[in-house]
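Shared chain: chain A. Partners: chain B in the first complex, chain C in the second.
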Partner chain A sequence: MEKTVNQKAWFLVLPVFLIVAFSAVLPLMTVVNYSVQDTFGNNQFFWNGVGWFKELLDPHTDLGERFLASIGRNLLFSAIILAIEVPLGIVVALSMPRHGWQVAACLVILALPLLIPFNVVGTIWQIFGRPDIGLLGYVLNRIGFNYNYVSNDLDAWFTVIVMDVWHWTSLVALLCYAGLKSIPDAYYQAAQIDGASRWAVFKAIQLPKMNRVLLIAVLLRFMDSFMIYTEPFVVTGGGPGNSTTFVSIELVKIALGQFDLGKAAALSLVYNIIILIVCWVFYTVMTNAGAERPTQKEGVA
Partner chain B sequence: MNTIPGRRIIMTVFLIFLLLPIYWLVNMSFKTNNEIVTSMHLWPYQPTIENYKRIFTDESWYSGYLNSLKYVIINTIISISVALPAAYAFSRYRFLGDKHLFFWLLSNRMAPAAVFALPFFNLYSAINLFDTPWAVALAHCIFNVPLAVWILEGFVSSVPREIDETAFLDGYSFPRFFVKILIPLIASGIGVAAFFCFMFSWVELLLARTLTSVAAKPISATMTRTVSAAGVDWGLLAAAGVLTIIPGALVIWFVRNYIARGFALGRV
Partner chain C sequence: MARIDLVDLAHSYSGNDAPPESFALKPVTMTWRQGGAYALLGPSGCGKTTLLNLISGIVTPSRGKILFDGTDITQASTQKRNIAQVFQFPVIYDTMTVGENLAFPLKNRGVPPAEIAVRVKQIADLLDLTPYLNRKATRLTADAKQKISLGRGLVRSDVAAVLFDEPLTVIDPELKWQLRSKLKALHRELDLTMIYVTHDQTEALTFADTVVVMHDGRVVQSGTPAELFDKPAHTFVGYFIGSPGMNIVPAVVGAREARIDGHTIALKRTYSGLPAGAKIEIGVRPEFVDIAAPLPGLLSARLERIDDLGRIRFARVRVGDAKFAARVPPGFSPQGDVAGLVFDPAHVHVYADSLLVEGAA
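So, the complex of A and B:
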């Protein structure tokens, strides 16, 4: 698995580098540019230094309060959905049928929610949860819950979380399933001879084998839930009040709704830096996990 | 031994949980608005295909689907063709800044679309691509190209290096080796990567809506038209939703055997 040093490989990477730089670096320069200026319309800009950043990180100002509150809500949301989706995904992966056409059928149905456009996911749950025309809302109200996601904060949160579990648990399940599939049968036979319990098999064989894919799953789920926009926007519009306004929704409100470019740009940069830091932590952990067990990796590839 | 007790029940319950909201949408798409609002039926009592008829006969509706498909296909082709050589390079060679470059790519996959909405709007307006499928296709590259590189790198790495060396000894030039030997070997990986590019470009809405206004309006933006002063046209909205699910379902069917490995990004 030793890689040879070859600087000419840059030529192979160049197209990717150019195309991503075009759509990542250029816009980012604009954002940096806006973030240190103020405008009174008419394309007249004034230098504002770090003013926007100060305001953004100060909870006593209006902007700071909104920003920090939306970050708090977003972190809570990410924590809840990770706590539900990861264990549930593992359980579903372990419950996959072993042979025959059922495997293909289950895989296709599992993957189905992942391929529905985000706004249609929102629409589906918007309809499904309505007390008047949606099955979920209707049944909940019939059995005595006063459920209405438009007016009640908790109900709105419940809907958004169930929607995310519905939408993305399959991703975790499919990743874990891929990890489980790579375990050779010999491992299970050995465990059987040793008389290992079901729990011991899970802890000693299945969980370590799923480590890498679980890491990818947690990374993807955390990132995507941290920048979630469309689904809650369609269902609740960030309401009732501000109770489901996550960071992206807040950002779009400021940028495209109020056209407050300076504030929006400052928010974007801070938001991006948070994402970058989390991403770097995960990347380091992931490459280290790969480096520790190089022989095993080769065996299953 | 490698499954858990009660797995059939768990699986069945979970699949029902997944299918029920979709069923409700399909169910509604075959109802008239009157039936939707006035009654609560588990299946349409007066089934109608009026909603679908309207979508297929009204150009402003079906052009939305065509526009969406256009940028999705352009994006998939661009992403795969630039990602293939890069994936090979990352998998086989070490070069100056390779790890940093890989991390930078990965971080772009994670960058929130909301951050880029406004700058993209400025950028593509400036180069006169605003309201064309190209603008959306290029904008979606920011998350699809890194993803394609990531997936393909995993698949290329599972091809033994000896194959490269033998081919070069046999006198294959690099481009010829690439097209004749490597691409057929990782064909399933390319399929999976294409599937993912298709998927993420198809489901994305924020950038697609920001970068188009009239001529290249995607279906997801057209759907907002069902809300009018007279209320929401639920049946039409549901039918449009059902039609957006179909391309995805078709694509899944083709890659069903590779799906699990693909979701692990070729890295299991």
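So, the complex of A and C:
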């Protein structure tokens, strides 16, 4: 059949072009524009080439040092919360009930932290951890720990990590629970008949069947923790010193605090590229996860 | 390997206090000898899977006892019972190779590795899985996966019994034949007690020495395929086994004769003292009723159609309101739509309230 040419179709696509242009493309181009220029105010700009990028990636300059240090902190933070939240989420999902009204109760309770706005979560923990009026801070100090997240680096990290675990473990648990629920009963019965121990059931059935949702959980939690801003900003403001200043906090400081538009633009572009690369890696891993690969391993049998 | 005794075994999913009629399995007492091949046959929802799960210990019975070699194991866990079971859909462990899958039940029971290797090799040979032993089990076809499941069921030589829960459902018809005969051969070779649940009569009759027919939670007959065919103990067995099923029609039965639709058929045996008020029916397999030209002295029937099954033809006819199937003798072509029916008296059975009545000689 011959396709009829109808130029009116453009009117249906045009709004999307406009919206994307105004909301994403133009701002991005502005950022690119800023990243290659310098300004002394008065709306006067000077060409700076890749100067900001050079400075950003050179640890001997002030900008580079701050950027790389905050990247390091961010990666450490992501690694720690993944190492805690993923196993913990699996354990929570495994110990959840399978039938009856308890299921609904558990799901609601688990979903609660996910529904709280980020700055409220920050405020809750900011007050909860205060040594003078916060329950956590007060109790810790009374039983002999000299806990103060405003003055001690380790205490600040501890608070930020516990807060993230409290806020987001539910997400991992819910995803894992969904994965567990999709395993047919026959698998458990077969394992019972094959005489498998609890650990063998977990290793041979539950973990492999959860593998997909776990990848999604790891991806989501990595992305979220890598761009974390609100909660640590509310609790510690990036301090004490710079100890909990993550990349996004650093970026806001440079862009809005110092109003160094060129440096901030360069930083945000690099930040963006890192996130794109990580996305691509995860996407590739996930889409290839189920594919058959030739195994070199010798069979046990 | 064990003899299995079921003593007054019954089960209800809604607890012991449920009304007896609602039990998924109504009380049954029977003995299965060691090394036998048994089939549980019945339509969906007749309680055969419940019975199987009771034996394997996945379900604990509401009433009654299960004995393995005389030992009461009613409350024992599945692991302790030493049972193997193959499920309707293939269950394989995704991360393991085919060989590791087969070795899994042995490994869990602490069998020495050398022994595991020998046993896995033997089972893989029997099931033609040897070329796949080192491959991951995930990417195999459904029937290869089901073979792995079968293999895991058969790999332990010391099991009390191997239970099959409609294991060939997912298999293509052609492979079904192969696997079925393979199972039969394995049964001879391995000398295991096997219990096979199915709703497919061909599967049950070809696999088992003894077929246990179940209907509505009850065991209605247990016997060899020939017994089920020649002498169904319950109208359900007659109807369910055989294709087409047995003709069962209401009749008035006298001493040595039955009257259907005003016509008298001779019987081989004497039936006297039939329970009063019971629903009396006669049953005769289509194979033992021949269709003939309408002659006086023959029960006359209205011909509806003829099914040509290739080797044999069956006529579908109506006698009064009752539907009937009858054999069309080779070379016979019916004239018009009226025909006579010729009965083989030796194969006409009498049923009172659906149960077979044994006549006196």
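Here is the rule we go by: the second predicted complex is superposed on the first by the 267 of 301 C-alpha atoms of A that agree within 3 Å, B and C clash if a C-alpha of one lies under 4 Å from a C-alpha of the other, contacts with A are read in each partner's own complex, and residues count from 1 in each chain.
Everything below uses one rule, namely that a residue touches a chain if its C-beta (ideal position, glycine included) is under 8 Å from a C-beta of that chain, and two chains touch if they have at least 3 such contacts.
These figures come from a predicted structure and were not determined experimentally.
Q: Which partner does A:V13 reach: the first (chain B), the second (chain C), both, or neither?
A: Only chain B; A:V13 stays clear of chain C.
Q: After lining up the shared chain so the two structures overlap, which partner does A:T4 touch, if you call chain B first and chain C second: first, second, both or neither?
A: A:T4: touches chain B, not chain C.
Q: Could you tell me if A:A24 is touching chain B, chain C, both of them or neither one (first, second, both, neither)?
A: The first partner, chain B, only.
Q: After lining up the shared chain so the two structures overlap, which partner does A:I84 touch, if you call chain B first and chain C second: first, second, both or neither?
A: After superposing on A, A:I84 lies clear of both chain B and chain C.
Q: Between chain B and chain C, whom does A:Q192 touch in the aligned arrangement: first, second, both, or neither?
A: both
Q: Applying the touch criterion given at the start, work out whether A:A178 contacts chain B, chain C, both or neither, answering first, second, both or neither.
A: Touch status of A:A178: first partner only.
Q: When the two structures are laid over each other on chain A, which of chain B and chain C touches more residues of chain A?
A: Greater contact footprint in residues on chain A: B.
Q: If you stack the two complexes on chain A, which partner ends up touching A:A200: first (chain B), second (chain C), both, or neither?
A: A:A200 sits against chain C, while chain B stays out of touch.
Q: Do chain B and chain C touch any of the same residues on chain A, and if so, which?
A: 192, 300-301
Q: Which residues, counting only chain A, touch chain B once they are in their complex?
A: 3-10, 12-13, 15-17, 19-20, 22-24, 26-28, 30-31, 91-92, 94-98, 104, 106-120, 123-125, 127-128, 132-136, 138, 166, 169-171, 174-175, 177-183, 188, 191-192, 198, 201, 206, 212-213, 216, 223, 226-227, 229-230, 247-249, 251-252, 255-256, 261, 264, 268, 271-272, 275-276, 279-280, 283, 287, 300-301
Q: In the complex, go through chain B and note every residue touching chain A.
A: Interface residues on the chain B side: 1-5, 7-8, 10-11, 14-15, 17-22, 24-25, 28, 36-37, 40, 78, 82-83, 85-86, 88-90, 92-96, 98-99, 101, 103-108, 110-120, 122-123, 138-139, 141-142, 145-146, 149, 157-158, 199, 202-206, 210, 219-220, 223, 234, 237-238, 241, 244-245, 247-249, 251-253, 256-257, 259-261, 263-265, 267-268.
Q: Enumerate the contact residues on chain A facing chain C in the complex.
A: Interface residues on the chain A side: 184, 186-187, 189-190, 192-197, 200, 203-205, 207-209, 292, 295, 297-301.
Q: Of all residues in chain C, which touch chain A in the complex?
A: 56, 58, 77-79, 83-85, 87-89, 91, 93-100, 102-105, 108-109, 116-117, 120-121, 124, 133-134, 136, 138-139, 149, 152
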